[in-house]
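Both complexes below contain chain A, partnered by chain B and then by chain C.
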Partner chain A sequence: MKEKHRGLAVFTALVFIFLLGPLVIIMATSFGDSTILKFPPEGFSLRWYQNIFDVDMFMETFKVTIVVALIGNLIALLLGVPAAYALSRGEFRGKGLLNSIFISPILIPGVVLGFTMLKYLVVKFDLPIYSSLLIGHVVLMLPFIIRVIASSLSNFDYAIEEASMSLGASRLKTFFTVVLPNIRSGLIAGVLLAFLESFNNVDISVFMTGPGVSTLPIQMLTYVENYFDPTIAAISVLLMVVTGVLMILIERLMGLSYFTKK
Partner chain B sequence: MKKVYLWLLMLPGLLFLTLFMIVPIFMTIGSTFFQDGGFTIQGYVKLLGDPYILKILGTTLQVSVITTIVCIVLGFPTAYYISKTKARTKGILLALALFPLLTSAIVRSFSWMVILGKNGIVNNILTGIGLIDEPLKILYTPTAMVIGLIHLFLPLMIISLVGVMENIDGDLLRASESLGASRLKGFMNIIVPLCVPGLIVGSILVFVGSLTAYTTPQLLGGKQRVVATFLYQNAMTLNDWYMASIIATVMIVVTFVIIGLMNKLARKLNPKG
Partner chain C sequence: MELLSLQNISVAYEKNLILENFNLNIEKGELISLLGPSGCGKTTTLRLIAGFLEAKDGKFMFEGKDYTRVPVNKRNFGFVFQSYALFPHMTVFDNVAYGLRLRKANKEEIDKKVHAMLEVVSLQGFEKRYPGELSGGQRQRVAIARALVIQPDLLLFDEPLSNLDANLRVNMRVEIRRIQKQLGITTVYVSHDQEECFSISDKVAIMNKGVIEQLDAPATIYKYPTTEFVARFIGFNNFIAIQQMSQDGAQVSLLGEQGTKIKLVHRSGHPITDSMKAAIRPDDLLVVTDSELADGVGGLTMDELDAGYNVITGKVKISTFLGRSYQYEVETPLGEFTVNREMETAFDHGAQVKLVLPKEKVVLVRTSV
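Moving on, here comes the complex of A and B:
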């Protein structure tokens, strides 16, 4: 019996090497000194990290990516929090269907969202590309916000709300003073997840590029297709650091079991 | 709460999604059936008669099926092991599986370009030990796409499976053993059926994800096209928006049919009924 587990442990270890090995290799190559990406890297240098800050396009697209992720997140919260509250506290006909509609941006292929938005929002309705990009990212983030908040609300006892209201607080006041503080950690975790989703998005952003408008992932994609030096490896390492920090925060706020239970 | 308030709370979000997502999608689908003022299915006839497009559909399907199968084969034992470890180890292993999942798809595909390329690690090792003389062409082939997609989606499979395996009572297996079943038989007859819901959820996520993936095939597939990159090519390079709309429609219909079928299957097979 023990031996069987040992076999399983070796198998699991190999799977994790497959999952994490490539990321480790990227980290190693980012510190190499040669202009061609090599593993094992030759020499040691930080010049590829320097290069990120010297290439204007990286800095400009980084700004766009951050602005879109932050403002988009705010809009998604304003739209998503009330909807999630209604969906988890109300009982009404068509609830299942509405729930599916709010979650559907996850199910619809990203390139389809990107293309149809380009076709109608940008071309037909003549919206500026920047606004369309923002709208696309709000659509993308909404399901993450709604799902995390609905899951936090389902863990929060409705009786506490009723108690507050029976003591004279209005529903709105109860929401802000009782409900919101109690689902705060879920709310922040949802914001972080949505942020990551927006920050890494390619499928929608790739259709929404124009003069002065492009996101960092799209700039990286273009760069990779034209150059093969370790700059992208250096950016990748920075992105991994950001991902790692956000993941630790999400773990602290909600526990990673959230991911296995949806 | 009054119904009116419920609807008022949902209205802004609903309006937003309707206006910016549902309307564009339905208009796109509609536009494929109406060309030059009349109803037509000409585009779909052309799609099914074009060997180049059929090959793209075939490649996409093949790549997705292989990816899903490999993810099940690699993911099932891994998830089982994770679900059997102590809480602390489990947390660490789950975090290690989640980290690549939350990392940018570009970063992950790029790492495989470094590994599989002509001067990549795999070829350097193989030529280094004298196994081959000329570097193998792995990058920019469907094989590279499959490897990249497995790397992309395996964590999803593992996480979906850990979710159901955690809830399986370990006593069930011991009970079957004490009643004389072999360990393997007990595993196949008791654990595997109980994992079916998670297996289905994981498979939907991996299969649909692979069918519609853009970044990984774009970076690792080279000239090999899959539907998502073909849609992009038609929309942005060839400017054939009619064909792009048709592909978009096919992608949506296929996605929803698969999700519907799998959900039906999941309900049927769920041992809890």
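Moving on, here comes the complex of A and C:
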């Protein structure tokens, strides 16, 4: 019995090393003093962190990434909340199909989605790159918003809404005074999750960037093609920290089990 | 003049017609229960009155006005749910005040009315608690206060006690009846619990397959069911199909299957039709030995007993001890009869017995399909 436990412990440790090892290496190299990415790092320096803020393209694309994630999130909320409500409360024909359509961006490979959007939004309809990027990210975020909010709604007794209506509130009023306060944590978790998806996205963004418009992850790709210094490691560490903090927030709000269960 | 009237209402869910040409009238100030097995349409009727459901056909009149298309939030009816349906993010005070705030009442008025209502449901001092911190019985009382504080024109209950334990259920139904009487508010109450409905209602409507089988005062239903369905529902287990019948005032004498001759006093005054059955409760049926047959048993003379009136011979098949009495399943040429008899004089399995049907206890009911 004890032997088995030891075996399991070793196995678990190996898995963790495999998963976290590269991240630790990146972290270590970001503090190195040499001008090329190197492990183990030589010396200690914060100059690569300084460099992030000196390269204009990083700052500009960071701004674009944030703006797209925030505005996209807002649009996804305006579309997703009513959709989630209709899907979880309504009884209508084709509900199952609609549900699948809304969830499909998660299932379809991002490259396919990105390429399709390039073909239609940019090439066919001749939309500006910036708007195309925004639309792409709304499509990307929508399933997460819908999924999380529908899940919150299904845990919320419909009789409570009926009670509010029987006391004189309209359906809309009921939504704002009774439903919204009770799905608040789901709403925030959905927003954070969608934000992360957008913020870290590469496969859709790569098709929707052009002269003057790019996102941080795409800029990082471009940077690695030309330079091999630890700036890229430093920026990765910052992104990891942001992602980690958001994930902890989501976990606190909803529990991550929300996204793994059907 | 009735307060509420449902006229030829039809309700369909997907493709199933749940109510068809349904009619119901309710008088002001009375508490009426809708009682029946699940799927009988009682909850549908209640939800239709509340406005949660729309009628496909027919008319819903309230205080002489057409309410058929009035939306739920404009009806001013109080609704109490089985699941309580309290607002989880609001305190008891805010839950109760919700309807008043929607009515733009001023702060003083809200304060006064909420406190008065919490007193009615004996929940003073609970204002700052959240629903999650209350017991089931307390939650249901908050729900009742919340529905009552808006001074609704009608109060609706949907199985409000089903989620409570047995003791609390009995206390709460007394409470509900007390509050309803105190405020004189017209109430429709849905339950599948017979005792609950009978104990609190002015009138009970027994429903089956979307139809009201009988609408009467509880005691009337208990004594004089009109249909076979109602009779079975309230515990008449024994039925005899009738072949011939003759009537002389209230005195009815009939010939049942297998040549059974029965004399009875028809007290209910329900019209006598062609397709009827005689029914009797297990408690009212007498089970005796030959030697116990004496003048006056079951209101019958010795001559009548000798002539075979109201007596069925049978054999004890199953006996079950119920505590105060025994229950016997007696096999007779007419099928099995259920009968109760006090425990002091028990019959053995297989004993030959005579069943006597007291004249005053046999009722005539319309055959249900």
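Please note the rule applied: the second predicted complex is superposed on the first by the 258 of 262 C-alpha atoms of A that agree within 3 Å, B and C clash if a C-alpha of one lies under 4 Å from a C-alpha of the other, contacts with A are read in each partner's own complex, and residues count from 1 in each chain.
Quick note on the criterion: a residue touches a chain if its C-beta (ideal position, glycine included) is under 8 Å from a C-beta of that chain, and two chains touch if they have at least 3 such contacts.
If you're wondering where the values come from, they're calculated on a predicted model, not measured in any experiment.
Chemist: Touch check for A:Ala194: first (chain B), second (chain C), both, or neither?
Modeler: Once the two structures are laid over each other on A, A:Ala194 reaches no partner at all.
Chemist: Let me test your reading of the model: by the given contact rule, A:Val68 touches which partner, first (chain B), second (chain C), both or neither?
Modeler: The answer is neither, since A:Val68 touches no partner chain.
Chemist: Which partner, chain B or chain C, is in contact with more residues of chain A?
Modeler: Between chain B and chain C, B touches the greater number of residues in chain A.
Chemist: With both complexes overlaid on chain A, does A:Ala9 touch chain B (first), chain C (second), both or neither?
Modeler: The first partner, chain B, only.
Chemist: A:Val179 contacts which: chain B (first), chain C (second), both, neither?
Modeler: neither
Chemist: Of the two partner chains, chain B (first) and chain C (second), which one does A:Met141 touch, if any: first, second, both, or neither?
Modeler: neither
Chemist: Applying the document's definition of touch, where does A:Phe207 land relative to chain B and chain C: first, second, both, or neither?
Modeler: Only chain B; A:Phe207 stays clear of chain C.
Chemist: Going by the contact rule set out at the top, does A:Leu167 touch chain B (first), chain C (second), both, or neither?
Modeler: A:Leu167 contacts chain C only, not chain B.
Chemist: From the superposed pair, tell me which chain A residues show up as contacts to chain B and also as contacts to chain C.
Modeler: Of chain A, residues 171 contact chain B in one complex and chain C in the other.
Chemist: Name, in rising order, each residue of chain C that touches chain A in their complex.
Modeler: 50-52, 72-79, 81-83, 85-89, 98-99, 102-103, 143, 146-147, 150
Chemist: Write out the stretch or stretches of chain B touching chain A in their complex.
Modeler: Those residues of chain B that touch chain A are 1, 3, 5-7, 9-10, 12-14, 16-17, 20-25, 27-28, 74-75, 77-78, 80-82, 84, 91, 93-100, 102-108, 110-115, 119-121, 151, 154-155, 158-160, 162-163, 166, 183, 208, 211-212, 214-215, 218-219, 228, 231-232, 235-236, 241, 244-245, 248, 251-252, 255-256, 259.
Chemist: What does chain A use to touch chain B in their complex?
Modeler: It comes out as residues 1, 4-5, 8-9, 11-12, 15-16, 18-20, 22-23, 25-26, 29, 36-39, 78-80, 82-83, 85-87, 89-90, 92, 98, 101-102, 104-105, 107-113, 115-121, 135-136, 138-139, 142, 146, 171, 196, 199-200, 202-203, 206-207, 217, 220-221, 224-225, 228, 232-233, 236, 239-240, 243-244, 246-247, 251, 256-257, 259-262.
Chemist: So in the complex, which bits of chain A are touching chain C?
Modeler: 157, 159-160, 162-171, 173, 178, 181-182
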